[in-house]
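The structures considered in this document are given below.
Note that chain A is present in both complexes that follow, paired respectively with chain B and with chain C.
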Partner chain A sequence: MSAAMPPPSSETILVERPRLLDRRRLRRLLVLLLVLGAVLVLLAPLTATDQADSLGAPQLVDRSQIRILTTVAMFVVMASAWNLVGGLTGYSSFGNVAFFGLGAYTCAVAVDAHRLHLPMAAAIALAPLVPAAFAALVGLPLLRLRGHYFAIATLGTAVAVGEVVKNVDYLGGATGLFPPILHRADLLFLYLMVGAALLAVLVSRLILRSRFGYGLIAIRENEEAAGVIGVNTTMYKVGAFAVAAALTGLAGGLFALWNSFINQELGFSLDFNIQMILMAVLGGAGTLFGPVLGAIVLELLIQNLAGRSDVAVYAQIGLGLLLAVTVIFVPRGIVAFFGGGSRLSVAHLRRSLRETGV
Partner chain B sequence: MQLFVQQVVLGLLIGGVYVAVAIGFSLVWGILNIVNLAHGALVIVGAYLTWLLFARARIDPFAALPIVAVALFAFGYALQRALINRVIRAPLFFTLLLTFGVNLVIVNALLVIFKSDFRSVTPSYSGSGFGVAGVQVPYIRLGALGVAVAVAAGVGGLLNRTRTGAAIQAVGADREAARLVGIDLRHVYALTFAVAAACAGVAGGLISTIQAITPTAGEPYTLQAFVVVVLGGLGRVGATVVGGLVFGLVETLGQTMVPGLGAGWANAIAFAILVLVLIVRPQGLMGRVA
Partner chain C sequence: MTALLSIQGVTKRFGGVAALNEVSFDVGEGEILGVIGPNGAGKTTLLNCVSGVYRPDAGSITFDGHSIAGEPPHRIARLGVGRTFQVVKPFASMTARENAAVGALFGASQLALSRAFAAADEVLEMVGMAGKASLPVASLTIPDRKRLEVARALATRPRLLLLDEVMAGLNPVEVDEALEMVRTVHRSGVTIVLIEHVMRVVVGVCRRVVVLHFGQTLAEGTPDGVLRDARVIEAYLGEKYARRLVGG
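After this line comes the complex of A and B, so read on.
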């Protein structure tokens, strides 16, 4: 560079033509859209109540759509929670559904008249605690494993916990448990589940911007180096695992109460297990809104396909093909695909993994 | 005591099936660095092919095994070449997702074709066996163990005694070096996967003679194959044989000898073994420290 070249002045920066859609604007647009969508989601179901009906207000949604929205919110919770472990920390958990099932069974046992017989609010409060404690306990040995070993060991955890639950009579055995049916509670559970989804996003955001979150990213990029610069890797990993378990367990607990029935196939469903991962990866693992977007897009797709039971098998085949297409063509997720490379994207994960020779 | 000996014999015999299931899984994991979540689905494809040949063409299940092996070899080669080769350098997480997707497609395609009815292969000699000092040995399970050992020996021979095997091992040891000495990586990847699929098909054929099959019956076998490979130690055929036999033994004894446990606990036992081995002896029973 020649010495005659003038230093860049403030004018040159002002002259530079702003890009129509740079990352910050895109992000704001996305947030705005999400907020608008959320407001609509929260208000529209009110038109479907009996009161609104008797006033002659136009129904913006029917009750089946309330059910679909609740399911979408449930998957937002699970995908965001998975993202904390799989996306942020770089530990590809294949067994988060264990936490969902534990939360569901915690709630079901808590409200059951012949078992704990607690009020519903207490049951919901317990739902995140039991899975979180379980995650902290199994996390200590499991999070020492890496790569394939961690993935399959977590998958094994989910399968094994489900099997134990199925074999224990106190937990309903093979029949399952039947929490009491609450009449006209579909709106209540929609708001509870959306609340859980907001909580999951909020927690994710807090973690992403905190010392804790940067520690987790450091672990993902290079665990040894993270340890050297003073990150207590064991505590951080187990912490992330437990937070993810608490959120997933909350979703499970709400699901059990909402569904009024829980058994091993529902609570430890391997479909749910893989769907939450696919949502996070499809949307963009490691990003804040990626899992949210992935959950909304994919769950709406699944619900609209699976609503017709005659195509359930084909929906599964479609899901399998979607997995293949996602992995091969949009491995960084929708957010990165449209919004450019993100600092917290899988691209980093890929690069770092390639450099470490996996 | 006689009960104990009987259970040991049955455990070793069922271990033979686990050996057959795990050999292909171990090969793909060791050479391609892919944990193939569709492995159980390939096993069940083999089982259905054996059933088709038995039910429609009256071909003895053991005689059908070579046909099944060839069919799955071709299927495996095509699958790897067309699909899985595309993510072979991606992080393991993507290969897990992709193979899980393949698993979903295969299982549901089988559901479309065969429905979820239970099918079983029952040749005339099924259910009969011979007794030694009061200990019963079913012919079919003994045959299954024999086939499994033969498959293991065959794969071991292929890897250690042939030029193709040397190429496969070279790719497993160092991909870049293998490419530099002129090995066609894509072909070797596909070949490795094809051999593994053929082994899975044979294992499925054996399973069809032992238990009733449904399209979804394969999923436990993926987890069990993983446990067997971890138990024995990754990378050698001999280690997989030991892992499979030990796993069969522990699972059978665990289900029958420990009070309060039963057939419903198979996965929990497998998982307990897995976690125990990973913590106490991560390199496996026969593995060398990496």
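After this line comes the complex of A and C, so read on.
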């Protein structure tokens, strides 16, 4: 930039937002990638069926990969659901695994021959309802807390619910419950879980583009101001919490049926609890596709690295470093990194290169 | 003039301190009422009671025939009461336009998403921020953030607007601009309660003033009359200022 040029008024610089275009392009790219990924995910496993085998079709995935894909889809549901409360509303819940556990136990009890003995479809339909009702109930007092207090209280609630479940004989006590094993059902559960993931993204999208979504964002930005412009803050917060609980519970219910075994440690796993938060934050809390990306990236890393004994230790260190780097340099996540919302982002780099005339 | 807002015997205590003690006055439809008083007089507490942020311990508040004392803020906003905060509370990650648009989605306005942004542009124009609509809050100056507070409140389509020290911290030129904004808003048919420290503002736009002191109504009347009141002078203004004002 030459010295003779008049200094640009602050307004012209700020009004110009090249980010907008990048964001639109990014979104198109993301949708394309997701559609491609979805098609692959949905069709590739068909080559692993016995029928395809007998026809001699080349096998694109082996059975273990179907399992990994199902797990990825499960975390897409949980991270997207967490995002509704933690990302959109600004209430960082550390207890969403309670909804996962409740959904899992609901399904397990529903299909159990000695308990409710309902058909599988009815069990899956019940799985979101119980956690949603629970969330509405505990949400009323919990969502009066903010910040660290809310985080600790939700974590405590999740642990407490797990302990209660462990000590109720009707729920299988410490042994757990064993939903009937369905033979050759891995494809069925892959499709069910992917369906749940699509549902979670669809629900998030509907919320983001609605009065409800704007109300939640207003609460995150300034709850008192949201109240006086007319947002029913209590109802909105509890509503978001219940929707998140329903989605997480659905994932839990499907997991229990898929896994044919559920106990307190699996249903109320603190690993799952932390992972869904990491995924949402890594991908970009408050965005639509951030949690989806975060879930895919992190779960694939975990499955491919942490599961191997030779690199497991390094993988743990790597994941920790990744998180630290994300929080410090890209606090708004991967989506912001490519969308230009971060100092380290690609778009920012390009912009500053252009402005300095390099 | 019929009373749009009627405050009767409102009391609010914090522990043993009565921040408001049996405060009563009416605000007529179409009026600009000034509420003045020294620091700690209870001005903001009163505003918090009217907008539902606080629940008064005693007394009644009636807006347009509805009893609103103790009602939650969102219900009061829906009836058509808008307010600003002395310390501005913008939605920080949004642009000015988005801030105002969120206001248009709620309150008495309840516009559909598709129409909220047009309404936002309208109120930003009214407060003189049309050129800064697409700026993020982070790059707005303090006077602009105060204007944005007003715009967001206006976007909810209030019949009564409570302004909490919108002029505090502004320089004389900015005060003049803000005064013009208040007049413009008033001309659009909004009843205004103006809480102020800056004397010039109250004298400039209000026909009637209520003086609060230690949580009680000390005086009520025209700005000139109130400012000549010996009790008000003693409590608040200091003799010198009053003499200058009366003499000039």
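Keep this in mind: the second predicted complex is superposed on the first by the 305 of 358 C-alpha atoms of A that agree within 3 Å, B and C clash if a C-alpha of one lies under 4 Å from a C-alpha of the other, contacts with A are read in each partner's own complex, and residues count from 1 in each chain.
Basically, a contact is a pair of C-beta atoms (placed from the backbone, for glycine too) under 8 Å apart; a residue touches a chain by one contact, two chains touch by 3 or more.
Keep in mind that this is a model prediction, so the values were computed, not measured.
Student: Is A:R211 touching anything from chain B or chain C once the two structures are fitted on A? First, second, both or neither.
Tutor: second
Student: A:L69 in the overlay: touching chain B, chain C, both, or neither? Say first, second, both or neither.
Tutor: In the superposition, A:L69 touches no partner, neither chain B nor chain C.
Student: Of chain B and chain C, which one touches more of chain A's residues?
Tutor: Touching more residues of chain A than the other partner does is B.
Student: So in the superposed three-chain picture, is A:V109 touching just chain B, just chain C, both, or none of them (first/second/both/neither)?
Tutor: neither
Student: Scan A:V228 for contacts with chain B and chain C and give back first, second, both or neither.
Tutor: In the superposition, A:V228 touches chain C alone.
Student: Return first, second, both or neither, reflecting whether A:E163 touches chain B, chain C, both chains, or no partner chain.
Tutor: A:E163: touches chain B, not chain C.
Student: Quick check for you: in the superposed arrangement, does A:L84 touch first (chain B), second (chain C), both or neither?
Tutor: A:L84: touches no partner chain.
Student: Figure out whether A:A240 sits in contact with chain B (first) or chain C (second), or with both, or with neither.
Tutor: A:A240 sits against neither chain B nor chain C.
Student: Looking at the overlay, does A:L319 come into contact with chain B only (first), chain C only (second), both, or neither?
Tutor: Once the two structures are laid over each other on A, A:L319 reaches chain B alone.
Student: Mind sorting out which residues of chain A both chain B and chain C touch, each in its own complex?
Tutor: No residue sits in both footprints.
Student: Under the touch definition given earlier, write down the residues of chain A that touch chain B in their complex.
Tutor: Those residues of chain A that touch chain B are 86, 92, 94, 141-142, 144-145, 147-149, 151-153, 155-157, 159-160, 163-164, 166-167, 270, 274, 277-278, 281, 313-314, 316-317, 319-324, 326-328, 331, 349-350, 353-354, 358.
Student: Okay, in this complex, where on chain A does chain C touch?
Tutor: Chain A residues touching chain C: 10-11, 14-15, 17, 209-211, 214-215, 217-218, 221-222, 224-225, 227-234.
Student: Any idea which chain B residues touch chain A in the complex?
Tutor: So the residues of chain B in touch with chain A come to 29, 33, 35, 83, 86-87, 89-94, 96-98, 100-105, 107-109, 111-112, 219, 223, 226-227, 230, 264-268, 270-272, 274-275, 278-279, 282.
Student: Touching residues of chain C toward chain A in the complex: what are they?
Tutor: 51-53, 72-74, 76-78, 82-83, 85, 89-94, 101-103, 105-108, 113, 131-132, 134-136, 139, 152-153, 155-156
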